[in-house]
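The chains carry the letters A, B, C and D, assigned in the order they are written, with residues numbered from 1 in each.
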Amino acid sequence: MIIVLKKDVNQADLQFLVEKLESYGFKTHIYENEGKTVIGLVGDESVLRDKPLSSFPGVEKVVPVFKPFKLVSSEFKKEESVLNIKGIKIGGRHSVVMAGPCSVENRDMLFDVASRVYASGARILRGGAFKPRTSPYAFQGLGEEGLKYLRQAADQFGMLVITELMDPRDIELVGKYADIIQIGARNMQNFRLLKEVGKSGIPCMLKRGLCATIKEFLMAAEYIASEGNYNVILCERGIRSFDSETRNLLDLSAVPVIKGMCHLPVVVDPSHGTGRRDCILPMAQAAIAAGADGLMIEVHPKPSEAMSDGDQSITPDEFDILMKRVKIIAATVEKHIEE
Amino acid sequence: MIIVLKKDVNQADLQFLVEKLESYGFKTHIYENEGKTVIGLVGDESVLRDKPLSSFPGVEKVVPVFKPFKLVSSEFKKEESVLNIKGIKIGGRHSVVMAGPCSVENRDMLFDVASRVYASGARILRGGAFKPRTSPYAFQGLGEEGLKYLRQAADQFGMLVITELMDPRDIELVGKYADIIQIGARNMQNFRLLKEVGKSGIPCMLKRGLCATIKEFLMAAEYIASEGNYNVILCERGIRSFDSETRNLLDLSAVPVIKGMCHLPVVVDPSHGTGRRDCILPMAQAAIAAGADGLMIEVHPKPSEAMSDGDQSITPDEFDILMKRVKIIAATVEKHIEE
Amino acid sequence: MIIVLKKDVNQADLQFLVEKLESYGFKTHIYENEGKTVIGLVGDESVLRDKPLSSFPGVEKVVPVFKPFKLVSSEFKKEESVLNIKGIKIGGRHSVVMAGPCSVENRDMLFDVASRVYASGARILRGGAFKPRTSPYAFQGLGEEGLKYLRQAADQFGMLVITELMDPRDIELVGKYADIIQIGARNMQNFRLLKEVGKSGIPCMLKRGLCATIKEFLMAAEYIASEGNYNVILCERGIRSFDSETRNLLDLSAVPVIKGMCHLPVVVDPSHGTGRRDCILPMAQAAIAAGADGLMIEVHPKPSEAMSDGDQSITPDEFDILMKRVKIIAATVEKHIEE
Amino acid sequence: MIIVLKKDVNQADLQFLVEKLESYGFKTHIYENEGKTVIGLVGDESVLRDKPLSSFPGVEKVVPVFKPFKLVSSEFKKEESVLNIKGIKIGGRHSVVMAGPCSVENRDMLFDVASRVYASGARILRGGAFKPRTSPYAFQGLGEEGLKYLRQAADQFGMLVITELMDPRDIELVGKYADIIQIGARNMQNFRLLKEVGKSGIPCMLKRGLCATIKEFLMAAEYIASEGNYNVILCERGIRSFDSETRNLLDLSAVPVIKGMCHLPVVVDPSHGTGRRDCILPMAQAAIAAGADGLMIEVHPKPSEAMSDGDQSITPDEFDILMKRVKIIAATVEKHIEE
C-alpha cells in the first residue's frame, strides 16, 4: 500500500497516521516531493483492506501495490491453466465450443440440437433448466426434468453438460446432472452461491456481471478458488453500456487483459454479449481472433419459436458455418478447437 | 406492442408475421408511411414478452406499449403508497431516517450508536450481521449474534430493525429479528431471494443494483409484489459510472422519475451512494430536497476504527447536524421527517 | 509519480528504468515489499506526463502524486473564488440563477421571458443564438440577430447575458454582446476554442462534457486559466449513463467533489441534466441543497411551442415557484441567492 | 412517428394533440388497447424532430419510425460504399491499413516508420501535426512542418496521408497536405468543423466520440454528407466504460451493427481503442475477424521514447507480425487487405 498525503499535511496528522500503521504491524517508508508526503508500507497489505485509511485526516489517496486476488492471479501461477474436465481440455492452446438452446424446452428439441452442434464440433452441451428471468411472469425453466434431458442428450453424443445454478439449495440436484456448473452474470456477486460451488469442487464457469470490473470478476473467481476449487472457467458475456443498439456490449479486450492478470481460461458468449443474431457470427470470429479459450453459443432449430432468447439464437446451419470459420481463425492465432 | 418493419418489407414476410401474431390471439392494426409499415397490436401484450419478434424477417424494431411491471406501477395504483410498519409511516408526506453502523461489530458500540441516532431523530436502526464482501478474506459479519444485538438495541430505544438477507436459507433466522429485510444491491436480481421475501410477507427494502435501469429495478420489486408482499421500500444507493472520484454515482433524479412510474416509497442511501464521508451531508440534503421518502445513513462512533465502510460513515455528531438540516429542507418540500 | 513494478522484476529492467528516470532529472526512492519494488520519484512530475512509463518493461502501474491541473486547484488557491461579473457575485456564499429560453426565437418572446424570470429573481439571461444541434436539419439559431435581442432584453431589465460560443471564428462577434461566454458540453475538449476564450479574458461558463471525468473537466478549465482567464464558472449538466429514463444523468455529487479539489464556482443545469420537465423543480432544489453556486434553467412561455428543448423547459409560473423554494433551501445551507 | 398516450388519457388532451398534429400536416391513425391509445402518424416525420411532443399533456412516449439520418443510411443506399481515394479502395471486400506514429516528431523518425510500415503492407500514413491534448502543458504537435514531412514521406513510398484537423480555420492548410482529413473523437460533435469538412469535399475519416451512441455517430457523418461530401470513413476507437483496465473500451460489435444501418466503410483503431500495447495485436486480429474495412495502428520505432501515446504504440517488427496475421484472417472472412 502507498499512501499519498494532502499537500502541506500537518505534522500531528502525519504522526497519528504513522503510529496507526505501525500498530497494524507495518514498517513505513516516507519521502516528500514538492510539499507532498508519500508513505510506502512494508508488511502484509491484505491486513489493510478493511481499514478506512482514505478517511484519515490528511490522507489524499491510498494506492494498493498488490492485487486484491491471489490464487487466480498470474503472480501466483505464471503459466496458463489448462483444465481437463472429463477429457476435454480448456485453456492454453485448447479452445472449446459450448452450444445448445437457451432453455431446455423439451426432449426432442434438445436431442435435435445436440446432434447437430456435436456434428459441427461442439463438445459441451448448454441448456437452461432453471432460468433467471427479469420478469416474474416469464417461463422459468423445466427444472429437474430439463436436467435429465441434458444429461441424456450429452451422454448419447459423448458431450459434457453445462447448466446454470441459481440457488445454493439446488447444488446437489444440479451437481447430479451437470459436468460444469454455470454461475450467471446476475449471480456473479452472490457470494453464498460462489462459496457453495467452491466447496462442491465441481468444475464451474463464472460469467462476468453486467457491470463488473475485471478486478471484481477475478475477485469473484477468487471466492470459488479460496474454497479449494480451481476448476474455474471465466466467461465474458457483455457489459452494460450507454448505447442500446446491442443488448450488452461485448468486451473482447477483456480476453487479453484477463490473460495478463490471471491464469484461468477465458471463453466468450457472443449470444448474450450482443443479444442480436446478426452479430453472433462476426463476434464469435472476433473472440477467437482475440485469443479466447472457447465460445458459448445459443443454437435453436427454430429461433422464432424459442421460449426464451430467440432473438439471440442461431440455427444449426448457421452454427455449422460459424464452426468452420472459427477453426481456421483459431489456427491463425495458434490455438486449436477441441473436438 | 407496436412493430415497425424494415423499409420496403416484402409481402411474404409481412404476411408470415401477421399470421403468427393472429395465431397468438392478437388483432392487428396496420398502416404505412413513406415505405415503412407499422403494425399495432390489440390484445394482452404480456403474451409476447418471450417471443423473439425482433428476429423475425423484416422486423426492424418492437416497441412495447405497456410497462413490463404491473402491481408496483402508478397505472395500477395512482396514489402514493404510505407503508405503516409497526407504527412508522413511510411514503407520501412521511420521510423516515434509518441509521446505524455498516456492520454490527459488538454490543456496546451498537447500543452507543443507536442511542445517539435515536436522539437525533432516526427511527429505524440499520446494521449488517451478514455482510456481502467483495473479498472472501474480508470480515463477513457476526451472524446471529449481530441480529440479537440489533433487536435488543432497537427495543431499548423504540426503533425498528433493518438488516440484510443474503441467502434464501437464512430467511427464517433473519425474519425472527428484523422488522424490515434489506435486499442488497448485488442481490437485486437474485430472483430466488426476491421470491422468498415476497412469500414471507415481511416488509422489505430493495436496493437498486449497481447497473440496474429503473425499469429493471421496478421489475425486481414486481417479483416481490407478485408473491403478495406489497410492503416494499425502494432504495437508490448509487450506480456505476465512468468516473472513479466517487465510489458510486448517486442518481437523485431516480427519485422523481420513480415517483412518476411507481407508487412505492423511495429512500436514498448517500453513504453507499457516494462512498465518501465529505459527500454524505450535501447528498443527504439534496436527496430530501429531491423528494425522497427517507434516508439510510451509516453512522459510526469512530469511523477510522470501523471494521467495514469506515470511509463512508459519519460520526453521531455529524449525523445530528445532518438531521437538523434535513428536517428544515423536508418542510420546504412539504414533507415531514417521522419521529 | 510512484512506479509499481511487476513482481520479481529482473534487475536489468529495474536498472534501465532507474537510469531513464535519473536522465529525466529525478531522484528515486526505492523500497520493496513481498517481492514487489516501488519507486518513488522526487522532482517535477509534470515532466513525466508525456513519457510512456507504463509500457517500460517490468512496470505494472504508474501513479501520479500530483493532480494534472494546477491553477484551478484547491492546492493552488485554498479559499473558494468569488467571481464578480459586472457586480454580480458567484461563488462562496453567493448563488446566482441564470434563466431564459433554450434558443432566442424572436424578440417579443425573449423580452417576455426576461421580464418574468427577472421578476422571480434570475439575474443572468440565457438564450442560444448559435445552437449545436445533433441533426444538420434542425433549427440552428438566429445568429447575430439573436445576440442583439439578448443584449437589449438584458439591458432593459438590468441582467447579464450568457450565450454559447461554438466556433473560434465567432469570438469577437459573441464577445461584443455577451457578458459571459458559454462553452457547451460538446465543446468541452475543443481545445482551440478553450484557448481563444482563455485569451479573450471574457468571463465564461464551461459545461461538463457528457462523458468527462471530473479531472478532465478541471483540465479543460485549466486550458482557459493557463491563458490568463480565471473568470471561469463550472457547470454540471448531466453525464451519460446506461439508463434512458432521463436524457442525461445529473451528477449532483460533482458539486461537493469539485469543491474539494477546485476553487472555482460550480453551478448546475437541471434542464439539460435531466431533459425532463417533471424533474427540473426537484433537481433544482436538490442542486442548491447540495451546495451549488447557482442554477441554469430553461424557461419558455409555451414549452409546447418551443423551437428547441421544449421537453425540458418550464413556464415562467413554474419558475417562480422554483425560485421561492430554492431561496429557502439556500438559506438552510448557508448560501444566498443573489438578486 | 408513433405516439403512445398515458393510460386513460382524457379526451381533451387527446383532441388537442390530434389537432396539433394535423396542423403540422399529418394524418393520424389511432387505435386503442386495454385503455392505452396509440397514434400512428402519416407524413414527413422529420418535421416533428424539433417539436416537444413528449411534454404534451397525456403523452407517455414518442417513438420515431424513421432513423434520424438519411444520406448515410442503408435505406438510402443498399449496397456498401467502396470509396476510391486516389486509387486506394476502402469498403466492400477492400480493407486498408493505416499506420504511423501518434505525432510527427521529426523528419527522420517519420521516414523510418513510413518505410517500415509500407514494407509490411500499410498504404495510408498516419501522423499528428496538430495534437488535441488533455493537458495545456503537453506537446501540441509540429504544425505545418509536420504536415510537410507527412506529405514527403508518403510521396516517397507511394502512400496516402491521413492527419487530424482540429480547427475550422486550418482547413486550407491541412487540405493542402492531406489526402484524408481525420476528425478526432473529441470533435465528433464539433458541428462547425463537420460542416467545413463537408463543404471541402476532401475525403475524411470521422472517429466515434468517446460516449457517442452509434446513432449519434451516424448523425455526425450525416452532417458531412449533407454538405455533399460522401467520402466518409467511420472509425471505431473505443468508448468510455466503467472499467479502467483499458484506457477505452473497444466496441467491436459496432462493426456489424453499423454495417446493418449504414453504407459507409468502418475501420477500427485498436491503439486508442485499448490504450495498451499488449492489446493491439489481439484486437487488430479481432477487428478484421469482425469484418472491419481497415485498421489504424500507431507504430513507433522506440515506443518508450515517443513524445505522445508511447503506451499504445507498437514497433515496426510487431506491426509486421500483425500484418501477416490479419491478411490471413481477412481472407477467412472474405475480405482483402489492399496493398
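Going forward, contacts are C-beta pairs under 8 Å (C-beta built on N, C-alpha and C of every residue); 3 or more make two chains touch, one makes a residue touch a chain.
Fair warning: this is a prediction, and the values are worked out from it, not measured in the lab.
Chains touching both chain A and chain D: B, C. Of all chains, the one whose mean C-alpha position sits at the greatest distance from that of chain C is A.
Note on chain placement: the centre of chain B and the centre of chain C lie 31 Å apart, centres being C-alpha means.
Remark: chain A and chain B have CA centroids separated by 26 Å (rounded to whole angstrom). Centroid to centroid, with C-alpha atoms defining each point, chain B and chain D lie 38 Å apart.
In chain A, the residues touching two or more other chains are 211, 240-242, 244. Residues of chain B that touch chain C in their complex: 211, 213-215, 239, 241-246, 249-253, 255-257, 260, 273-274, 276, 278-279, 282-283, 285-291, 325, 328-329, 332-333.
In the complex of the two chains, the chain B residues touching chain D come out as 2, 4, 7, 29, 31-34, 36, 38, 40-45, 63, 65-66, 75, 211, 240-242, 244.
Interface residues of chain C, counted against chain D in their complex, comprise 20, 46, 49-52, 54-56, 68, 132-139, 166-169, 186-187, 189-192, 195, 210-211, 216, 219, 222-223, 226, 240, 277, 303-304, 306-313.
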